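Which chain is which? They are A, B, C and D, in the order written, and residues in each are numbered from 1.
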């Protein structure tokens, strides 16, 4: 019953993207990915270390998944571009999530530098997924720069606070032709479902799964929440009402 | 991975209850029920008419489902009790959802009359699920009266407005030992997931499915949303934060 | 520009009621009351101690204020009635705020016992203001019982969490002819303004003022917030819109 | 009790800025301004027409107010700069609100072009107040560009939907040293109070006053709401709690 998402020439059945940071124990990651059903897995390039067995996150990611290296650590466009090229050179493929962050407290992305990096990398053949502060005009610039999707934040990274920027994301979904993937802030499956019900193309979740009591269970919960939201979006909502409307006939039962 | 819900001596795998009102075409109901996976189906007794083939809602409900006749149309305890007895006499079983409503605009239940009806019917061996305005002290009285669960409303019936009474429901879940089943107002799978994440035992949905563009798809969406919320509740949430916390290492990547 | 509120035969210019509990230093209470402009002051009868100079809250209340003794400590109707009668006998006048609370964690009122106490005391000539869990049908019973106003809670006492029960209060305001006074939970002037904008007749604030850094300043802030909300209600709001609408002409300026 | 706001070398007692668009009848504007107490009045330069008596908005603005011409109609930085210079040349003073908007549906500002215009005009001695989509990094760029304050939107212009972008504004207030003035979307005095309680320096209101049933009353309501919020911010809030905490002593009254 579910439609597929197309990004960068690939068709994805599953609209949940998973991050690999913050897990207390990396050995759980394969089970988390399996439980989530996710086929797009993001990781910081820094964690990809071909010389160290322990730190190399890639060996925990199934071969049938698309790697989505992110440029975390980059503080401007130039650094992001260097990290992206390095990732491709290391065999991580040509997908990249641009993260340019110079704010240390709320870790909010720099849209302007992100647009610059996107433009450069898209021309080099990368499938660029830019993480951004939700802003319609910046999103339009990302479209022009060649992004494959836009990834607005719902709330600051790691806060688990849900769609605090809902209105701005709603407008982006309404106005931008690229897929809108909500990234950061999603703390509960209900948040993920809400994003999908609005018409988001996918969501990326990391902290909420990694810090859960049972990350494997939580990964499945998010997977179901994302599917629920997408199906509901496709199934089309009836109207909201201010006054009640009975589901059952209310009057006259006993007095007929 | 999912635990079962026990009510009235029955173990339920599926925590979505479905209502049968408002469907433009009753013929779709079997597909909706199948798609939802629901095993508890509520209907107004008035619609159960053994003499009329067309109106008899029961023939659209699979045999393996528990019937949950509701007392809609009752304006006080006495009328609710009469309808419940009639339902049992007609072969609908001994489950009953008490609805006592004398407010015609918002269709809000009368907790006091509901408590009275619950007490009488519980003594007669019914499995009583009372629909109520969320209120901790009324819920405690329903426990004392012998209810099998409590069914607070999230918003007025048919409004699709979600958990407007979230705080009062949260308190009921925290303080009441019976299952809390959120009924009325749930308009989207994200609302259903949110209720389950809070610890609700189940949700009852009718209008949101019946008035959807594609009720079969929407029923499945709700089914997934309910499962997502329950699994997340079992998987235990990590903390919410005010400030950001990086999923990926942020500093020093290129300057090491 | 402001209309007056009539309760119990009295016309009130100021729609902020003040509570006297929780102040670290009672000596500040007269300044708080003056700063708030409030003319209705509630206090626990227990704090009215004619034999002890230190504990007697009444000497901190200006003579031109209406005393609103509350029945805190009462766990059922009978106890509330006894406290009310005692208050009147002690010279506190014939206004009384009914509080019947047997829940020790959330301190939620018992609507059923509150209705009983209201009926008895209204017949004895009291001006009865019952504190209640918001519920339309219980409010209707309080009207029938002779209440002078209804006082639904916005959130549990002392939580400062605002109008968590907004939807139920909105319905009460819409359906009940008596003044609706929002009591408990109001933590900020914006909450008080929001209640008044919905059509609440008044608000009662205690914790938010008593626990503020500067209670005198906060009392004035609440006074202004209440007036702002009432004036806005009287001034009638324009429509909310989903799409933007320019305040200024947007096109053609330079190209005409 | 209220502190003053300093912008562009001027001390302002009143933290409510008023817009002059959308009034059905301009003759009411002087009464609205008087009722609001506002001393900073924004208007579209297009409406300032020295040759037409009817259209010239300036004659409705008291002489003791600061004029804040806005650049509405500008679709890029260059056009905004031209309008600003024209306004100064026409005698409107050296304050200017930058609006650069090329999105016709939600009327969302272009942060990038706004930063460019701000930089140019600040160097020319203007007191520049840029209207922006809330985004911490863009706000930092505006600080660097020489803005006198930053003006994030609460919701799209004219929607009256309140602080939909609350989280992003909160972060800006927390991190930016310039005054943050919330502009657009504020539909009720409670919204204005909420912005001020968060630490906003001022708010700008237009549609909500202009489209009210009684704009003069509504202007006063907003004035009070802004003061309430500022005073509360200065008075410092007590904590929010999850569980209740009694204002009055609850136990033992009658059993001592």
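Rule of thumb we're sticking to: a contact is a pair of C-beta atoms (placed from the backbone, for glycine too) under 8 Å apart; a residue touches a chain by one contact, two chains touch by 3 or more.
By chain, UniProt protein names: A, B, C, D = Thiazole synthase.
Since we're looking at a predicted model, the values are computed, not measured.
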Fill in: Third chains touching both chain D and chain C
none
Worksheet item: Which of these pairs, C-D, A-D or B-C, matches A-B in more than half of the residue pairs in contact?
Response: C-D
Worksheet entry | Identity of the chain that, by mean CA position, is farthest from chain A | C
Worksheet item: In angstrom, rounded to a whole number, how far apart do the mean CA points of chain A and chain C lie?
Response: 45
Worksheet item: What whole-Å value do you get for the distance between chain A and chain D if each is reduced to the mean of its CA atoms?
Response: 34
Worksheet entry | Numbers and ranges of chain B residues touching at least 2 other chains | 105-106, 108, 156, 161
Practice prompt. Based on the touch definition given at the start, go ahead and assign the chain network to line, ring, star, complete or other.
Written response: ring
Worksheet item: Given the complex with chain C, which residues does chain B contribute to the contact?
Response: 102-103, 105-106, 108-112, 133, 135-138, 141, 155-156, 161, 164-168, 171, 174-175
Discussion item. For the complex, give me every residue of chain A touching chain B.
Written reply: 1, 19, 21-22, 43-47, 70, 72-74, 79, 82-83, 99, 101, 104-108, 156-161, 187-191, 193-194, 197, 206-208, 210-218, 220-225, 227-229, 231-232, 234-254
